[in-house]
Each structure stands twice: as structure tokens, then as C-alpha cells.
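Each chain gets a letter, A, B, C and D, in the order it is written, and its residues are counted from 1.
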Amino acid sequence: MSISEKIARIDRRYLYILVFIVVTIPLLNPLKLPLPIGEHATRVYDKTEALAAGSIVIESIDFGPSTRPENYPQMKAHLFHAKERGLKVVALAFWPSGAPIGEQALREVYDSDFPDIPEYGTSVVYLGYVPGAEVGMQTFADNTATAKGTDHYGTSLTSLPLMQECRSAADFDLWAEWASGTPGEQQVIQFVQGRHGGPSAVPIVVGATAVSVPGMMNFYISGQIYGILNGLAGAGEYEYLLNVKYGYPYAQGPSLDAQSLGHVLILLFIILGNVGYLLTRSKGGKS
Amino acid sequence: MYGINDGLVASFVLLIVVVAEGFIALFLSRTGKAHPKIRKIAGLEAIEEAIGRATEMGRPIAYTTGLGGIRDQVYYQTIAGLSILGYTAELAAKYNAKLIYFPYDPTIMPMAVDVMEQAYLRAGKPEAFNPDNVQYLGGDQFPWAFGVLGAMYREQTAANIHMGPFWAESLILAEAGFYTGAIQIAGTANYHQMAFFVVAADYALIGEELMAAGAYLSKDPTQIGSLWGSDIAKITTVALLILGVILTAAGVTALLDFFAL
Amino acid sequence: MIQDLFALIFGVFVTIFIYSFLWKENPLSRAVEHLFVGLAAVYTFGSMYDAAMTQAVWGAQRIEGGNYLWIVPILISLMYFFFFTKKYFYLYRYPVSIVVGIMAGMMICGMIQSNFLAQIQSTARDLPLIGAGVWDWSGGSTGIIGLNSLIIIIGTITALTFFFFTWEHKGALGVSTKIGRYFLMATFGAAYGSTVMARISLFIGRLRFLYETSYEEANILVNAWYIIPIAVVCVIIMALWLRSKPEAKPPEPAPKPEKPKSKG
Amino acid sequence: MSLVVKRYIPLAITFLMGIIMVIATYFLAEGTPARDATTLLTGAVDVIVATAGVIGLIVLLRHHGVNISRRGKYWKYSTITIIGVILYLIVGLYGVATQGRYLMLASEQFAWVYNELYAHMDATIFSLLAFFIASAAYRAFRLRSLEASILLFVGALMLLGRAPIGGVAWEGFPKIATWLLNVPNAAGNRAITIGIAIGAILLAVRQLMGVERGYLGPER
């Protein structure tokens, strides 16, 4: 086998080892590369920043453990932002596996004693898992009380003052969707926003896995989605913006360094593959 | 009596238009008044070749319909996948190749057994059908994907056919499946996963091609008529797009106003 | 708590064992796979059971609240069990046909509204071709708005023609489908390229688990990465053991027919 | 007669259910009792399919049980599956018995197994994609044809634009990536979306009319 053929057909295992090494190094030894802030994340930040204190934000936690590395830092940063801005948070999960994750985030952002905190019920409520997927969303937007009678801890919604203010989609000032699949942003657009007055009545911001962002661009351009946090980089950008104003820890630094190196490595793979391919092809042409 | 709900007038009119176009085309084709020809879809033509190769090599074929169930929003892709399963199973029976189907959602298991049994019957070999070749792997995304992967490696499949709604596991199946040396034919209408099938599989069905597959393979004039109807609906769409752009550019908002109804 | 230590050790072991699959399909990854499938089947069963309970039993308008009509879907559901009989096998079709009908009806309405109408509407509304400043350079990631609009309109229409099934792609239609295919390829390239980040993130998530998790109680400190070498040694022992066994080589795969790759 | 019971009644039911849902969406005003009834119908879907979970469990146990009893290929691994099922089922049933509302997922022990054990396997298998996406890019992104080259270049530009380092190297990369996402990607995406909508609607129509009934069995 000639060298060019070898380049064109490297055993995949060598590639795997390289990926492993290149992603590991920056995690152990951060490179502190700078981070450009994009328009998609800025719009989420500005929208949240512009809400009047006391506005109601729905935090819909629709992901499971598998996409946690991407969705969790996004959601946590946004929860922190909402808390700092004095917004009223109604958190819930349309994914059963999202319920424990949401509780953990609330504990980290509000207090480790959550829900035994003074503001529970007045400025923050955790409903936990709301069954029914898209049907559940639809019901929740029509009438929050019929979707689920109690919060995550078994307290009746009628005894929570915040839920008396937040009766249906007309009361939502922002829907923050932490999405990783179905049900996710598409269902919110269809069953909540679409049925209750469109983007101006229920603005949606989405924190999504990077994989699903290209598919959302249509909804973004048409204004159905106001802003997007794009994967881990989106989380990093948001943390950075919060860091500037509120001193929120910018924790995604090492991970984003690892990202950068991983991307460069894959680009090198592509170049290598093509060099090998072109070399073997030109040889084939001669013979 | 109720009228049409607020904000849904335009949607209802469009629905009627699309369905009517489908019906007229279907009817004309069924009664023989029109004979729409169908273009080749390479991915579907390749199924027979893949099965032939599996037979030659004496190795099985793996078939999946992705994370398909009948109770979710994308159930229509599952139905499309099951239609292709019927065709594939019939061919496999004809060629005496072993076909293993990995259902994801337990709700479709009886359907899959039914579809395969009927296919073997059509091929004249009902005794060759083994229900054990419908292997349930736990209805959760990654256990299922890892289970399919392991089975593909252990059974050394010669062809992997994936037709249905896929999420993140698309690339796991298509890339790892490549190293078993199998021919891979994959199709999905989940927008964010098509790219991986296009990149990693030998043949890929994109979006609407998957939904058309059942009609394509049936060769039944009624069903092909409905494909013709879908083409007419697409022409209508293109016309509406152009009209909308021109009218908006000219400052006439009539069409947009209608859509907002 | 001791079970947290168990969870930590278990987590490290399965992580390493699953990664050993990247080397080849082996007994350790196979064992994890079989365990995982078993647990998943129970999890699926549990989630379906829970969904049924919350829908049918608990709630004001459910059986709990005296609405015994909800027994009907439960009874229908039981028809699925005829799967196990030979004679009445076909009875499973009744629950299926109900569900499929409901889903079809819901899907049709949802599709026409959000995937069809909204897309046409937004093409016409949000893509200006004439107007003040539309053809000026607006910088940033936008470029020229008018040009963008034109590209999107042309791209949408040509790519849509690619999905024509009953016309031969010849002549003007051939040109259009060709351009449409280029747009589709660009779409897929964009989807692929922007996904890489998500996938690496997942791996980073796992690495952070391996490096940063620890178990602490009284005077015991167990970092997750202490366990990595043990797991790796397991993999190596398994590899050596596999090597010592006379391997039943599977027949070499026959070369795939060299055909031009169809991306369509 | 038998064909009526086996095929035509199910087809009629499908048709009826589909039509009811369409009529409900378009003609029944929100908040009316009739509309509420159809909402309950969608809720019933979860109940109607529930027994399928049991079927899955039984089929899995049967498959592996038969494999063990026949000492079939990899029967030792089948025992792992069966042990896993039995242990987790015991945890789940214990949860059902002790949890106030007889639910399984909500019980503490069941959730612990899911979050602390199951989740590790889930996330690790998902993360295999980081490797696969690299090797697939290496092997498939080749300058074969114009189409393949477009795929390659757009993909490579996205890679550069999406990585934080891309913006550091040249501030144009993120802008190009955003433009590619907002313009050509949106075009292709829109066509695919519309195509799928038409395809799916007509598939559903074929199915409601009983023309495409691959899933409804006997032709005889």
C-alpha cells in the first residue's frame, strides 16, 4: 500500500485516539482562548434583560441526562439571570427525565433548601413533570391548573400565589425552552405560541443542543423564536454576558477550548482525507 | 352551530386544496384516465441489490424503523418505514435471506410481526417466518441504538436498512454500521438527521422520499396517483410562493392578510 | 452514602467498557449492552404504565374523581394482549387503529399550520426584494438583505422541485432540480458542521464526569479517576484473553459494488 | 365476515378518529364541551398503548429465556439481560407499592437507578458520537463531485465558524457560518419542511382512506 493510500485509509482507531487526546488536554490544562459573542445569544440576553421585574417566565426543562452537558449550563445561567432580574419563574418539565434535573438547577441557583425558601410560591414555583407531551403543553397554555393540579412537591396550585397570577398563556411574558428533541421548541411554537396570539404575545427563547439549531433557523428568521442559545458555546456566551454584569462564573472556558481543538482536529482529518484521496486519484489516472 | 375557529380559515382552505389535489389525481389514476410515471428513487432500487448481496454472502439483513412508535408526532414516518419493511421482508423471503427487524417502540411490535408475516405469505413461504427475528431491545433511544449496533457486529450483517424517524442515533448506526462492511440504505424525514445519512450511508432517502416510498414500491396506480397529487400540491406551493413574493413586493397585502385569517 | 460510591464506580466502569467498543465489539461492551437493554425495557414499561396511570386514574375528571368512562381505554388497551394468541391475533389492530387515527388527525392539522402555511407566509412576508436599503451592504452576518431574500426564494423553489416524483428531471426541471440539490447539499453541510460542537460537548461532559466527580465521606475520598486504571486493566485483560483464544474469523466481507454514490 | 372484523372495522375506526380530530381543530371552539371531549381523546392515547410496555417486557424475556434454555449463541449474556430486567422490575414494583399514587418512575429508588446508573450508560453511548462524527467526516467529506464539494466546504466553514477559535482566527468565520445557517440552509430546510408537510398529509390521507394499509394486514 502506497503512502497516499495509507493517508486515504487510516484506521479509524487512530482517529479515535487523537480525538481523545486533543479533547482531554485543554480540560486538564485550560488554554484560555477568547470567545466571540454572537447575535443569537445576545438576543436571549437582551430579551431577558428588558423584561420588567415581576414578569412571569416559564422555564420549560425538556431534556434528559443525555444532553445535559449542553442544556444544563444554559438553563442554569438563565435561571440565575431571571433571579437577579427579579422575574417570577414557573419551572416545569415536559420530559419525565427533566424533572430531577430542573430541581437540581433550582437548588443550585436559589438555595440548597429549595423549595423551603421564603420566595417559593410568590416568585418561583416548580411544577415538576407535566405529563402528556405536546398535549400537556397545549393544556398548560390553555389553563395551567388543568395540566397539573399540584406542584412538584404535592402542594395544590390554588395555594401558590404565583400560580393565581399565571393562569394561562396570556400571563406568560417569556417562554424559555430548554429543548433537546420532541416535545421541544416546535411543539411550543405549534401548541402554545401558535394558539395564543403568536410571537408578540408569547415570545420564545430557546436553549438548544447545537444539533437542532440549523432546523430552528426558519422559526428564528420568521420571529417565532426570539433568540437561541446554541449548544455549549451558547451557554458559554451567556455565562460571559452574565459575568460582565453580574459576576456569574464563566465556567465553560476549558470546555470551549476543548471544542476549538476538536473542531480543528476534524478539519485536519478532512484535509488529510482529501489529500490522500486526490493523491490516489491522480495516480490512478496515470496508470 | 360553530363556524371555523379563529385564525384557522387559511389553514383549512389550504388543507382542502392539498387534499382535493391529492384526491383528484388519485381518482384519475385509479380510473385509468391518467398514467403518471414515477421517477426512480435510487435508495429504494438499491434494496433489492442489497438483499441479493446478503443472500450471496449468506449473512443477514438488519432493518430498523428508527425511534418509531404510533403514539408520537412523527408516527407517519414509522408507517412509511413499515410499508418498506413489508417490501423488504417479501424480497428477503423470496431470496431466502434472513431479515432481522429491531422495533424501537413496543407499540409497533404486533404491527411489525403482522407486516412481516404477510410479506412471507405473499412470497409463498409462510413457514420461513420466525417471529424471533423481530427483536425488541428496550424502548429507549440509546439502549436500543447500542443493542442494534452490537447485533449488527455479532451477526455481521450484509445490509443495514434504516427507514423512519431518527434522532441522534442516526450517525451511531450509519457510521458504526459502515465498519461491518454492510451496504447501508437509510432514510428519514427528521430534518436534522438527514445530513448524517447522506454523509455516512451508501444510499439516502431525503424527507418526502420516505413518505412516498410505500406508494412507490406498491406500484399500485391508486397510490402513485396520490404521489402525482403531491407533485401538484408542490406546484401550487411554488405558485403561492411566487405570487406572495410578487404581491408583497408590489405592496399588495391581500394574500398575507388571507394567510393571517 | 455507600450507594453513591457504588454509583461512582459503576459509572466509571460502564463508561470505559462502552468506549472499548470503539476498539471492537467485545465481551465487556456486550455485557453492558445486555444489561442496558434489560433496564431499558423496564424503564419503558414503567414510563408507559405511569403515563396511563396519570391519564386515566389520577385527577379530578379521571377515575379518581368518579369518571369511570376512563375504564374504556383501559379495556381497549388490553386488546393488545391478543398479540400472544394465534387465532385472535388481529384484535391488536383495534387499539392501533384508534391511535393511528387520532395521531393522523392531529398531525394533519399541525402540519398544515406550522410546516406549510407558516413557511409560505414567512417566505412572502420576511424576504423583502424591494425597499429602502434592501440592496445595500448591511454588514455583519447579514450581507445584502435583498440578495439573501432572492437566494432563499430561489433555493426553496428549486429544492422543492427536487421532490417532484412524477416528472422526469429533464430540461428546465432538470436544471432546477440540479440547483435544488446543491442547496440541499449546502443545507446538509451546515447541519453536519454545526452538529460537531454538540457531539464534542457530550464527550466533554463524560470527561468532566471522569475527572471531576468524587465521593467523599468521613475520611474517605474517592476520585472517579482513581477507578479509571482498574477499568482499563479489565479491558486490557479482556483483550489479552481474546487474543489467546483461537478466533473464529468471520468471512471477509465481499467488496461492495462500486457504484456512484447516490446522495439522493 | 372475518375480513370485516379483521380489516374493515379497524379501517373505519381509523377514518372516524382522524376526521373527528380534524373537525375538532377547525370547527369546535375552544372551551366547548365537545372540544374538551376530543382533548380527552388525545389523552386516552397514552392509556390505549400502555399494555404494549408489558408486551415488550414479555417478548424480551421470552427471547432471552429461550436463548438460555437452548444454550444458544451468547446465552451467557442473555442471563445479564434477564437479571437486569428482574432486579429493576423488583425495584420498580417496590416503588409502586410504596409510592403514594402507585406510580413507578416517581418512586425514589427507581429514579435513583435511572439517574445514577442508567444515565451513565445513556450519556456515554451518546458521546460515542464525538468519535463517529470525526471518522465520518474523514471518510466521507471528499472532493468527489460538485455536490460532495459543496457539502464539504459548507461543512468545513461551519466547523470553523462554530468553534470559538474560528472567531479568534478571523472574525469573518462566525459571520459566514451564521450567514450560511440563515440563508442557504434556511432555503433547503424550508423546501424539505414543505415537502414533508405535503408528503405526510397525503400519506395520512392515503392511510385514512385505507389505500396505503401496509400495517393492517391480510390482503386475502
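We adopt the following convention: contacts are C-beta pairs under 8 Å (C-beta built on N, C-alpha and C of every residue); 3 or more make two chains touch, one makes a residue touch a chain.
Nothing here was measured: the structure is a model prediction, and the numbers come from that model.
Asker: Could you find the chain whose CA centre sits the greatest distance from that of subunit B?
Answerer: The chain farthest from subunit B, judged by C-alpha centres, is A.
Asker: Name the two chains that are joined by the greatest number of C-beta pairs in contact.
Answerer: After tallying contacts for each pair, the winner is C-D.
Asker: Using mean CA coordinates as chain centres, what's the gap between subunit A and subunit C in Å?
Answerer: Chain centroid spacing, subunit A to subunit C, equals 16 Å.
Asker: As a quick test, compute the distance in whole Å between the mean CA positions of subunit A and subunit D.
Answerer: Centre-to-centre distance between subunit A and subunit D: 20 Å.
Asker: Which integer distance in Å separates the CA centroid of subunit B from that of subunit D?
Answerer: Inter-chain centre distance comes to 14 Å.
Asker: Quick check on subunit D: which residues sit in contact with 2+ other chains?
Answerer: Each of 22, 25-26, 30, 42-43, 45-46, 49, 52-53, 55-56, 60, 74, 105, 114, 121-123, 125-126, 128-133, 135, 137, 139, 141, 151-152, 155-156, 159, 162-163, 174, 178, 181-182, 185-186, 189-190, 192-196, 198-201, 204-205, 207, 215, 217-218 in subunit D touches at least two other chains.
Asker: Mark out which residues of subunit C touch at least two other chains, giving numbers and ranges.
Answerer: 18, 21-22, 30, 32-33, 36-41, 43-44, 47-48, 50-51, 54-55, 80, 83, 90, 93, 96, 99-100, 103-104, 106-110, 112-113, 116, 119-121, 123, 125, 140-141, 153, 156-157, 160, 163, 184-185, 187-192, 194-197, 199-200, 202-203, 205, 261, 263, in rising order.
Asker: Quick one: which residues in subunit B touch 2 or more of the other chains?
Answerer: Within subunit B, residues 8, 11, 15, 18, 70-73, 76, 79, 106-107, 109-111, 114, 136-143, 146, 154, 168, 191-192, 194, 196, 198-199, 206-208, 212, 227, 230, 234, 237 contact more than one other chain.
Asker: By the document's touch definition, which label belongs to this structure's chain graph: line, ring, star, complete, or other?
Answerer: complete
Asker: Enumerate the contact residues on subunit D facing subunit B in the complex.
Answerer: Those residues of subunit D that touch subunit B are 22, 25-30, 32, 45-46, 49, 52-53, 55-56, 59-60, 63, 66, 73-74, 121-122, 125-126, 128-129, 132-133, 135-137, 139-141, 151, 189, 192-196, 198-207, 211-212, 214-215, 217-219.
Asker: Show me the residue ranges of subunit B that touch subunit A in the complex, using the header's touch definition.
Answerer: Within the complex, subunit B touches subunit A at residues 72-74, 141-142, 167-168, 179, 191-192.
Asker: Can you list the subunit C residues touching subunit B in their complex?
Answerer: Listed in rising order, the residues of subunit C that touch subunit B are 18, 21, 24-25, 29-30, 32-33, 36-41, 43-44, 48, 80, 83, 89-90, 92-93, 96, 99-100, 103-104, 106-110, 112-113, 116-117, 120-121, 123-125, 127-130, 153, 156-157, 160-161, 163-169, 184-185, 187-189, 191-192, 195, 250-251, 253-254, 256-257, 261-264.
Asker: Which positions of subunit D touch subunit A when the two form their complex?
Answerer: 30, 39, 42-43, 46, 105, 111, 114-115, 119, 122-123, 126, 130-131, 133-135, 137-139, 141-143, 152, 155-156, 159-160, 162-168, 171, 174, 178, 181-182, 185-186, 189-190, 193
Asker: Would you mind writing out the residues of subunit A in touch with subunit C in their complex?
Answerer: 13, 16, 19, 23-24, 27-28, 39, 66-70, 96, 131-132, 149, 186, 189-190, 194, 209-211, 213-215, 218, 221-224, 230-233, 255, 258-259, 262-263, 266
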